[in-house]
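For clarity, chains are labelled A, B and C in written order, and residue numbers in each chain start from 1.
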Amino acid sequence: MSLLQVEGVSKKFGGVVAVDECSLAVEDRSITGLIGPNGSGKTTLFNLVTGFIPKDTGTVTFRSRRIDRLGPDRIYELGIGRTFQLARIFPRLTALENMLVPVRRRGLRALLSGASWGSERARAMEMLEFLEIAHVANKLGGALSYGQRKLLELGAVMMAEPGLVLLDEPAGGVNPALLERIADHIRKLNDRGITFLIVEHNMGFVMNLCTNVVVLHRGRTIASGAPEAVRQDPAVLDAYLGA
Amino acid sequence: MTPQQMKLARWLGLAGLFVLALLVPIIAPDPATTNIAVFTMMYVGLATAWNIMGGYTGYVSLGHAGFFGFGSYALGLMLAHLGVKAGYGPFLFVPIAGLLTAVLALGIGWFALRTRAATFVIVTIAFMFMLQLLAENLVGLTGGGGGLSFPVPTWGGDFFNTPFYYAMLALASIGLLVSWVIRHSKFGLGLLAIRDDEDKALAVGVPTRAFKLTAFVISACLVGMIGGVYGYYVTYIYPQFVVDPLIGISMVLMVFLGGLGTISGPVLGALILEPAQLWLAYNYGASRLYLVLYAAVFLVVILLMPRGILPSVSELISRRRTSAGPPATAAARTVPR
Amino acid sequence: MTLVLEAAVLGVLTGGVYALMASGLTLIFGVMRIINVGHGALVVLGAYLSFAVWRSLHIDPFVTLLLTMPAMFGLGVVLEMVFIRPLKSDRDALSVLVTYALALGIEGVLGYFFTTNYVQLHAWYDTASFPVGGFRVTYVYLIGFLLCLLILGALFFILYRTTFGASIRATMLNRTAAQLIGVDVDRVSAVAFGIGMATAAAGGVVFGITNAFNPGSHYDLISRLLTIIVLGGLGSLRGAIIAALVMLVSEDITSVVISPVWASFVFFVILVVVLLVRPQGLYGVRVRDRI
């Protein structure tokens, strides 16, 4: 049983079919790439999986449990985190506070407890150190550089120890040096047992990092498998170059 | 000064202010001053309570006057129907009025929070007017336009205002305590996250609806209790003076003046604006100019200091500090307390 | 039964006025994303301006619009530039406070010049009416209604048939995108606010003829207008018009069938019912932040 199973999911916006009976599977502990030409429905799929928009048809199953009718906060609680195409953090909170916002447990005691007390703060600092941005822990989110924000966004998502993380264009707007660092962080987190599904346009990044790749075109899956195999698949070449 | 010393200084300062507040009726026992004190403390409580919703979550409720009036009527009706004699007894019923207001807020909030920020503002206004209409028209229950009377306290003369002052002080203190606890809890962080980016908050698991509703109910409960004490203080309430948009707007303005989302901002705003408001009303109330002056003050404040006094001042201070050149790693927090 | 019919007709006629007033309010929201809680006061201001002109020049109240509409338009542009444009952070909440302050200021000034006594605009043909079915319709109501139709028509013409109107609609749909294609959103905002004020002036005249008013009348007015635009969907012109008609007709029918006391209550009940089913209002768009 795959960690995440998307079956026959469709979504229309008015007359535009964004996702067309799309099916894909993400295996546990993999780093799966999700690629495809612009407009192929990648971000829409992300939004569908994470509960931001409701699907028209199909099912989404996570750890053998249907999640397609849940809200984003519930889905995060169940173990799926995501980042956004344009890195989103809370600008008026400090970096450390950003790390402490994610909700893991909803009990009354957990919520009333000091956000800065206990093991949470230690874990947050540890993650910030891991991402090499601990030195800006007390800076307001709005004062951080874009690269720092991207890392912070990733770190905050990690706080609830999700099983699956959806990354929406992690390489977007990022210089090569930082990109290497990000790829490195992803690999290390993957070693710790976290599965990744990554939407990306940067082919080098995808081919180097991903254990398998799914290709979307016009809202449908047209190929899936090991990076090298997919890269040479004629249907994929056709989608990118032709039509 | 080291951070520890600063923290100690801050706590001592707060303690000092609290002691001062306790002593106000003793330092200045004349009724004119204590009357100002009662209303000022009332607004400290109202502004602090409003801030828990509007300041922390960013959802601006312009209908809080409705909760104020509801609390007033709730207490008044309870006292009337239960035949509670005047004295200190009525104060014991204030928490119940607060509870009833909380229940009302639960209903209104459940409904109003289905909408996003802009519509929310208007829905709260609509509910306020609805409450006013109900107060005016359910004559059998509320006395309608004729008003509702409260039992008249037995203590009188110069001492009259004092118990009310302490009641308001108690409620304001409770409000500040609640505000502080929330601000330093995960719940509070969640609220602030909602204010910054609600969808992002959802994406990291913040149960936004439950959080918003909770903040709304807590805020309303406090306001309701304060309304109750107010009713008892003025001993006779009318729908349009207790469900009064001006009260609702004043508490909002005070929070904006002092600093939205901070803990001491609402206090500062109330301490500045309420005495000013009372002074204006006293000196210019007869002519319509009172409104114009009030509006002018209002506008000047908002246009000159849109973020409020505390954030603007603290930003000014930290800007001075960084230009004086402390090490870059000690990046100053510009989030004022 | 004729009573109900009469109430319905009256509801449509007065609905027209509210539609006009609400359209300005929803336009301002659509373009500038601000809730102008001072709109009621602006209507009252328009009514008083017409009152002053009518009283001194002794012309037909409707004719005063030739003076008041341009004046209010200009005033609107100035107000937007001075008080609203400077607001940058926390714009939504601050604009509410600013417009409320303007409303208070207007109320104060009007009270100073005109006192708080109730006044009303009068036309020499005030009491003239013509029969429809089993009841009579007063001419002033009819003329007022036609005026509203005329101005609403002009508004739609501007919005949908002129280039500037296209700029307005572009700004309403997506402010940033509009800027990117060269629309001067600041100018559009100022003009939109001016248009809003002009419609308030027109609404003010009709309101002033059909109601006794004083400076404090803006509270009741704004609560209704806000309810109407929420019901119609914030930013939707069509929604505002339909909502106004729905509200006023129901109110007038309730007034006749149940009692006038509960008539205003019906307003809010309808709002609650609709929002339960459609939180975005009749023609509103379900807004999801950028995802």
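Heads up, the rule we're going with is that a contact is a pair of C-beta atoms (placed from the backbone, for glycine too) under 8 Å apart; a residue touches a chain by one contact, two chains touch by 3 or more.
Keep in mind that this is a model prediction, so the values were computed, not measured.
Q: By C-alpha centroids, what is the most central chain here?
A: Chain B is the most central one.
Q: Going by C-alpha centroids, which chain is farthest from chain B? Tell me that one.
A: In terms of C-alpha centroids, the chain at the greatest distance from chain B is A.
Q: On a C-alpha centroid basis, what's the spacing between chain A and chain B, in Å?
A: 41
Q: Between chain A and chain C, what is the gap in Å from one C-alpha centre to the other?
A: Roughly 47 Å separates the two chain centres.
Q: CA centre of chain B versus CA centre of chain C: separation in Å?
A: 32
Q: Would you mind listing the residues of chain A that make contact with two or more other chains?
A: 52, 84
Q: Return the residues of chain C touching two or more other chains; collapse runs of consecutive numbers into ranges.
A: 288, 291
Q: Could you check chain B for residues that touch two or more other chains and list them?
A: 197, 199
Q: Show me the residue ranges of chain C that touch chain B in the complex, using the header's touch definition.
A: 29, 33, 35, 37, 83, 86-90, 92-94, 96-98, 100-102, 104-105, 107-112, 116, 215, 219, 223, 226-227, 229-230, 234, 261-262, 264-265, 268, 271-272, 275-276, 279-281, 284, 287-289, 291
Q: List the residues on chain B that touch chain C in their complex, please.
A: Touch list, chain B to chain C: 54, 58, 60, 62, 111, 114-119, 121-123, 125-127, 129-130, 133-134, 137, 197-199, 245, 249, 252-253, 256, 260, 287-296, 298-299, 302-303, 306-307.
Q: Chain A touches which residues of chain B in the complex?
A: Listed in rising order, the residues are 181, 184-190, 192-193, 195-197, 199-208, 329, 331, 333-335.
Q: Give the list of chain A residues in touch with chain B in this complex.
A: Going by the criterion above, the answer is residues 50, 52, 71-73, 76-77, 81-82, 84, 88-94, 97, 100-104, 106, 110-116, 135-136, 138-141, 143, 156-157, 159-160.
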